[in-house]
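Dropping a structure here in structure tokens format, bear with me for questions.
Here the chain labels run A, B, C and D in written order, and each chain numbers its own residues starting at 1.
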């Protein structure tokens, strides 16, 4: 059975380590915050200028001056700090953020990512994504394996305008966990009950499958 | 009669205008602060990270954490702000400081200045002087006209290692006020009782003297 | 040296058609509401606006777009504005989308007197088209120029008469950067205080960068995504 | 993620001969007294030190110079130290003097992930020897590389266990810049507080930049130029 978006987030949360500073993009990545293991110290960065992002405020406590990069009302935590956008991207650029999780429209087997523009159709802009993918040490993409029309979002080469090149390290989809190696996509784990062959058939690029592939544990 | 260092400072204070942000170097330039006209709002910048430098503290109020660029204990004023060294030189570099006054060992008729090194003899370092002279809109040099041994400090070309090139706009010495024009040193005012000829004889470069030169009023 | 202005109309009186403006804020958070309202009233046109976002249809820079006062928009993300998208697709509006960190750092560069900076953001993408690149320590960077703007319109939380500013929470965002970056910086504050009321140790924008300041009024401070949780 | 260290000896345990250190402070103001004392005790040698000044004969970096622990000094002003001058003139000590703003901005560049910056400071002087220059808008600039340092030794006023720091008055100077710029940042504070005690709006150095922090002791805070006035 394919994972739902909460399960994708849950699987990604397993990549967290104590002491990590993490930037979570809009959409599924945001949900990862709900699955930080008890007792593990993970600090969330929001690129609009906050380290130590807390949960949504209790109703009535919303403050228009305190939002995350998704423009949602949030809270601070003990140990939080606020800074301007130059410092925010300064710490991103200098590699202080240990893990970046973001969504994508396409990922190539070289680790290229496209997630900001569909020519002639949609031009929302790249926001902070280009800065994040150009500098982050460890980038995980969270996305559905295929588009709503069933097309693979994992490709030999991206067809959409790129956000960054050779930067994605791992992809967690509803069907699989895939690592990007020097020789391309490599299947690491599969969704419970989903076969390696099914994943292969839904991946429009070579998929390396070596030995027994374990199921994703969530 | 030649001016003393207090009178040099007093003369330079006449260049101040309401609303000016001013950086005063170590030595005679520091004294300029004592002659800011009553009611004129002049904000002093100290490049170690302070805008709105106040007077020395009252005895017993000295604070090791509050010093100026000359390492003297000072005070803040209402409206002061503290910042780090990058922002301090950021505002200098972006031209936000209206006037810089500093001392010099030599000044050339092109506006070059040397004030940080005597090869083989003295190497104290340039501190913030190179940044200041490279970016300030208006630079006035305060110095004695001649060295202790009687050599002119105003020259066709500096003999000492330069601090900056073509940057000095005006020189106030114990003998004269001299502007640096496209064609060289131009005598603007002379110390009371000091003749233009005497100033000429003590200036080791061409000195433009046009018409009657008024005495410095202090 | 009186930096004090009566109100927004007073403060923006000399903004002219065709000029380049920086506008602080992230989404609708920390935007100069009073200055935008005064610009809409003044009807200044052909403006180039540098701002992270373009507001929503009926608030923020969206109000200026609706009146077609904006010729060109330089932003990093514009996804919340249907009228914007219409003008863009119809070719009425010129748009330059740039990475958010590049936007921030090009402001910083202007404020710190650095003519250009190097950033890896956009390398290998269409953002790099026509731009000079350079490799340092094996990594490729784009050369990006400091911004040049006529005015910065900045929203702060508190400000004193010397122009020292502090911002509240994430309403800080681009405001302190733009405050340093333009020829003339106009600041609206929620609370104007006397010199001496702000602690010199905790000033976000030193007054030297601020040319005009006024007490803002009627802040709406609209929330784009009101997200809440139940008491645990 | 425990950033807390017991004391200076604990915090600097792995600083090795031949490494590059940044040391905060301006003159003797805001210097990491505890870390320097621990380094003197440890006897680490062949160090390259980046610091605005070199202390005085019997305090600050002067203590390390006296023990000949410093191979190379990168500073902007070193005029208060006779032993320094002796070692320099005798050729025992390698010295690179650079403009103060260049020193500060090369730290900023490292902390902000910019490989190099452009500054006009030093153009036309011996500081420009062998350096790449470039003209922007008719003005000449030097290309200066971001610093690379193994450790930054930083002195803050207060810090919390997450590593967030605030500085007092002009003891701030280079400290927040160096805190961002080295591979490992070690901070000594006058007062260590719990997370939540510092206002998130007024943090000078966010904790992400800080790797180790400890409560300093026995601060001497020597004054170089005690200047006072009489009561008016």
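By our rule, contacts are C-beta pairs under 8 Å (C-beta built on N, C-alpha and C of every residue); 3 or more make two chains touch, one makes a residue touch a chain.
This one's a predicted model, so the numbers in the text were calculated from it and none came from an experiment.
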**Fill in**
Quick note, more Cb pairs in contact for A-C or A-D? It is A-C
**Request:** Would you kindly say which chain has the C-alpha centre located farthest from the C-alpha centre of chain D?
**Result:** A
**Message:** Using mean CA coordinates as chain centres, what's the gap between chain B and chain D in Å?
**Reply:** 28
**Item:** Centre distance in Å when chain A and chain D are each reduced to the mean of their C-alpha atoms
**Value:** 37
**Item:** Whole-Å gap between the CA centroids of chain A and chain B
**Value:** 56
**Asked** chain B: which residues touch two or more other chains?
**Response** 50, 76, 82-83, 86, 89-90, 92-93, 135
**Where chain D touches two or more other chains, by residue** = 105, 112-114, 119-120, 168-169, 172, 200-201
**Complete:** Chain pairs satisfying touch are A-C, A-D, B-C, B-D, C-D
**Complete:** chain D residues touching chain C in their complex are 105, 112-120, 136-137, 139, 141, 145, 166-169, 172, 200-202
**Fill in**
Given the complex, residues on chain D that touch chain A span 1, 110-114, 160-162, 164, 180, 194-196, 200-201, 203, 206-209
**Complete:** In the complex, the residues of chain B that touch chain C are 18-19, 21, 41, 43, 45, 50-52, 76-83, 86-87, 89-97, 135
**Message:** Please output the residues of chain B touching chain D within their complex, sorted ascending.
**Reply:** 46-50, 55-74, 76, 82-86, 88-90, 92-93, 112, 123-131, 134-135, 161-166
**Touching residues on chain D, where the partner in the complex is chain B** = 26-30, 52, 75-80, 85, 88, 95, 97-105, 107-108, 119-127, 157, 168-177, 204, 221-231
